[in-house]
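Note sheet for the following structure.
Labels for the chains are A, B, C, D and E, by order of writing; each one numbers its residues from 1.
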Amino acid sequence: MASHLGDPRVVEFDVRTDEMLINMGPQHPSTHGVLRLALRTDGEIVSEATPHIGYLHRCAEKIGENLSHRQYIPYTDRMDYLAAMNMNLGWALVVEKLLKHEVPERGRHLRVLMAELNRIASHLVAMGTYGLDLGSFTPFLYAFRERERILDLFEEVCGARLTYSYITPGGATGDLTEGWLEKCEAFLDQLAPVIEEYHTLLTSNAVFIRRTAGIGVLSAEMAIDYGTSGPVLRGSGVDYDLRRDGDPWYTGLYRDYKYEVIVQKDGHYPKDRDYPPVPAEAVLGDSWHRFYVRMLEVVQSVELVRQAMERYRAAKGDCGAPLKLTQRLPKGEAYLETEAPRGQMGFFLVADGNAIPWRVRVRSSSFCNLSITHEVCRGCLIADVPAVIGSLDIVMGEIDR
Amino acid sequence: MMTLAGMDWHAIYFWLFALLTCGFALAVLFSANVVRMAFYLVLCLGASAGLFFLTGAEFVAAMQLMIYVGGTLVLLVFGVMLTAHSRFVSLRTPSGEWILALIAGSALLALLLSAALKVPDWVKANPDRAAISAADVEATTPIGMGFAGVRVDKLSQTDPQLLGGMSGYLLPFLIVSIHLLVVLIGAAYMARAKRRAAAVDEGAV
Amino acid sequence: MDHQKLFDQLRERFGDDVRALVVETIDPWIEVSAERLEDVCRLLKNDAAWQFNLLNCITAVDYFEPDAKKAAKVDWKPHVQMLYHLSSTTLKHTVVIKVRLPRWKDDVAGQLPEVASVSGIWRTADWHEREVYDLMGVMFVGHPDLRRILCPEDWEGYPLRKDYVMPLEYHGIRNR
Amino acid sequence: MAPITVAHYLAVGAVMFVAGVLCMVTKRNALGVLMGVELVLNGANINFVAFGSKLLRAESLGLDGQFIALFVIVLAAGEAAVALAIALNFYNNHTTIDVDRADDLKG
Amino acid sequence: MAELINLQILNRLLGWAGVDLPPSHLAGAVLAALVHGVILLGIVAVAAMFFIWAERKVAGRIQDRLGPTRVGGRFGWLQALADGIKLLSKEDVRPREADALLFRCAPYVSFAASFTAYLALPFSDGWVAQHINSAVFFILAVLGLEVFGVILAGYASGSKWSLFGAMRESAQVVSYEVPLGLCVVVPVFICGTMNLVTIGNMQTGWLTNWLVFHDPFTFAVFWVYFTCAIASVNRAPFDLAEAESELVAGFHTEYSGMRWCYFFMAEYGSMLLVSGLATILFFGGWHGPVPVFDMLGWSSMGGVLQYVAELAGAANFLIKAVVGVTVMIWVRWTLPRLRIDQVMTTCLKYCTPLAAVCFLGALGWQTGMFGLAAGPLWSPNQLMAVKQRGEYRESWVLKAEAAAAAEGSAAQAGRPAASGDRDEPDVSGETEPARSSATGAVGSPLSRKGGVG
């Protein structure tokens, strides 16, 4: 009997209840697809959270060894299906890097335009579903309302609303249609003021702050150690953005664009005077900061899209034609990471001289972002688990590939 | 007696609630599952609140539902949940114990019932009940006043000897309040975090 | 970034265990022996001059040609190549570390090749190594929890190996 | 149908009381015993309220019956809180609330 | 005990229709009981259906969409019915792990509790199924029983998520009953009665007579009450027992079809109930902001006109209650959900102390501690002859007053028992006159504002 007193769990909690092992997912409203978390809980307190992945494993890497580089584009769509343009871009760039193929100036701006527009759409979903995770349904529909308009724009340009296969090695499947830029302009004009609404509903909402501030704190060292990237990394205060610090093949896209990396420096985010202040409860690296970084990145992307449109208009020539299906890849290997909405999305390509790669490797951002779960969910409440997972903004299609 | 006009509603409701109360009390006794026991206890106490309503003690009945059923029993069920080992705990009692208990119980019941029926005053119905309207048994405010120390329900009392003993329930009320406060603090203290347990353990080493 | 300088420094420290430096390729790489990989990685991470604090990716490539006719034409011997893409968030440079492993340990089919785990150096390696183990069949010595991650725990074979044959049936589920 | 008298209520109270006593005797679970106590208290309460009802007796106990019933209810709440705290504490130390196992002090 | 069944409405209806029925008539009594039961069940069922529709419609509008538009014509007003039919036709699933009896009983327990509380809720002057003189506490008490359905459902489902939901619910409801009770006590002691009909009638007149405008403390306590009410009926942001993003669906994870539907009927029933209670306790009950029928004199005229006035009162009451429910719906679709520990801190750290402070403040206001309440501020009520708050007495007070008046002797001449502007009650209570003056004192704090003016 006395042995129970020595049990560390006995002294921790108010009433010692029996430990419970519960499965959150793979069918659970807030696990963003088919993530399964095995939670070991003591009452409401989670003592251990183990993610189990692989429910959406589609062997994308194996498939890549059997298809030519252009045929692989639709498979990249299905990795991060919320940011398919960025996935297409990542693959297109790595193929071009291997081929040392440069797209024309106009194509470059088109790519920035698409990538940033998709980043807005993706962050809107992240914001909406995060609200959903915290029990607030309305921001979700607001976010989808705006996202619909982006999808309309994409549909007009490539015919698809989710899996675009638009940006291809060599350029894009087509140029923008007539009047597209005006529509995009109109959308951006409409989006800017409603971001204020989202801040009211979520960012500066007292309940939201109480649910997210100080929850799931990820220190900068740990964030780097776990290889997290994107808003998760920058939410921990690490000033690292591949658009600025990445491979020259990628940063070349953003050459002469004006933007600031969204990260807290000296207690301030760039241009944060226009947005709700950081609440006193928030700790750098917590769920609130991750969310806030995403919200600010939407604004940043709006500006980038505006710049891209301006440059696209000014640029002469075409936007690049897709490479031939049978275009042989030179012998060699190339690795390229791009800054996708969820973080650093890396593609690695080994070619043996055929059009079909010898090996394709995909380094997924959500994969690394998710791996911190057991670290940050330890000792939190059950209700905090969706709050943390939601703030990581994972897409299972990308994790399982 | 079953004329249309003379329908004794009190009796009908009494039998209804009495059967429910007794039935669920026995169900509590004979149930082997602790959660079901709690459920039957809820129904039993709820039905007895119905009996209180019938006697005109509406405030007591409401309090019974609120404090007893809504508070105490929820707490009890909470305790059941916290301490349930397997999901549905069964409490088997050896049959030998049952037989002994039932013999003793029926003896006790027979004694109590015979006592209840022996006193002539208790088996006599109130002759002028018809004259008492629902408004006459309205007692909520008088009870409140009684707790504050003023017995407005005994205004017609003229016997000075009796008057001395009914100056209200202010003192017991205060005592109970303090008692409850102590209980609350004590219960919180007992069920609080067990950090001290570890300290004692270390001290022993 | 000066890859030659890094190579020289490593060479000085680890001798011939740091096998080669190739800078003519798209991404310059340094080949290291499997035995000293952990030490090299620790130095790369902790040395103030390099600070490779971010492990981007761990990749394993199976160099094996099942088709005998084609196998005769290739210019390599069958092996598994491990690639570690490293970068530094502070100094903003990258490097690729390669390790050459046999396809099977001691050339006994079914004996997984072994390499030291770097999960003690970068914790992100934990999941990446599990993935490589799962799909390519490389044993990471010193890994705290080497289990399959994407495939079910009872899956047989290593799907990304070139000689992998998809099983016809899994728990009564027909695959074709 | 015979008119309802105080004795009817007393009979109900007696049944509850006996059921409660037997519950206390036969149940092994501390919470089962606690439920028995609640039944006993409530059986007594029915008597108090019945004696105090103006509807049942011309010369009733009056409001005093209800006062005592209220005190019983409130004290039962306190008693339940303490008993529950004891039960939980006991459970923490012994991982059971079987009352027969509470024999630590036995020599 | 024919009084147990209130015949007022039925008799008036029948009397109006020319049927003369003795009150103790069995057929009449049974009919009355049936009518009451059916009316209340109808109200609860229709209210639930209406609010399910309203929830979708309001949520739709809040979320920049239309909500249901097709079923039953333009506004989708039959959507709730369609939902009901769908639920009826669903398979009734019971998990193998479940405790069959409790699993089946739980939804009915919930619904029965919610429905029973309507017994004591007046819809208009005297329109109440059962006159209970401690109606306020009765409603709170019965409403508190709803939690048993949830606990049983959670425990009997044999699912861990359900169990979590049940644990949360029991902790939450037990805690919130404390501030809720405290809030309710404020209007109760201002009115000096727990009888909801009397409390409602005490707020006759212009809207300045509503208790929410009685003093700053009642105004504050209303908001505390509303917060606690939302928490006690398990609505967002306090809907932890069914938090779908954490616990899948909490206590009703394993329920489907009609059983699931009963939980929802109970939820919407309770929402209307707490709003109705708020309406009576704080917003004048069935009295409109402008006492039209009092001005016309219909409300005390008897016959058809009084019936019309009472009907309008009922409509008035329902409108106010529906507004309350709409606000709950609005809150639900706006705010994220709190965490369980935050829900408990909200209760223990904010609601309970606030309610206690308001209680003491209102007490001080009532006894003139702030020096403001002694003289009535001007209100439009002074223009018209409405029955003043102090004139509503419980029967025993009236009887005691009558007795005192009858026994009135020279000793009492200087201190009329029922006068409004008495000193503090003399509770020493040794002699007859002193005690009867204490009786009068019960009425006096109430009449301090209205009775004098």
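By our rule, contacts are C-beta pairs under 8 Å (C-beta built on N, C-alpha and C of every residue); 3 or more make two chains touch, one makes a residue touch a chain.
Since this is a predicted model, take the numbers as computed values, not measurements.
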Check: Moving only between chains that touch, what is the shortest number of steps from chain D to chain E?
Finding: 2
Margin query: Closest chain to the overall C-alpha centroid, by per-chain C-alpha centroid: which is it?
Written below: E
Note to self: Taking each chain's centre as the mean of its CA atoms, which one is most distant from chain D?
What the structure shows: C
Item checked: Chain pair whose interface holds the most contacting C-beta pairs -> B-D
Next item on the list: With chain centres defined as mean CA positions, report which chain is farthest from chain B.
Entry: C
Checklist line | Centre distance in Å when chain A and chain D are each reduced to the mean of their C-alpha atoms | finding: 61
Note to self: What's the distance between the Cα centroids of chain B and chain C, rounded to whole Å?
What the structure shows: 73
Note to self: Counting only Cα atoms for the centres, state how far chain A is from chain C in Å.
What the structure shows: 26
Item checked: Of all residues in chain C, the ones touching two or more other chains -> none
Check: Listing for chain D: what residues touch at least two other chains?
Finding: 88, 91-92, 95
Next item on the list: Among the residues of chain E, pick out those that touch two or more other chains and give their numbers.
Entry: 167
Check: Which of the residues in chain A end up touching chain C in this complex?
Finding: 53-54, 57, 59, 61-62, 97-98, 100, 222, 224-228, 238, 240, 245, 247, 332-335, 337, 344, 346, 348, 350, 352, 358-359, 361, 363, 367-368, 371, 400-401
Check: Where on chain A does chain E make contact in their complex?
Finding: 20, 22, 28-30, 43-44, 131-138, 141-142, 145, 201-202, 205, 207-208, 210-211, 381-386
Checklist line | Complex interface listing, chain C residues touching chain A | finding: 25-27, 53-57, 59, 61-62, 74, 83, 85, 89, 92, 94, 96, 122-124, 126-128, 131, 135, 148-152, 159-160
Checklist line | Sites on chain D touched by chain B in the complex | finding: 1-12, 14-23, 25-29, 31-32, 34-36, 38-39, 42-43, 45-46, 49-50, 52-58, 62-67, 69-71, 73-82, 84-89, 91-92, 95-97
Margin query: Considering only the defined contacts, which chain E positions touch chain B in the complex?
Written below: 1-5, 22, 24-27, 29, 97, 99, 101-102, 105, 131-134, 137-138, 140-142, 144-145, 147-148, 151-152, 155-156, 158, 163, 166-167, 170-171, 173-174, 177, 181, 192-195, 394-397, 400, 403, 425, 427, 429-430, 435-436, 438-439, 442
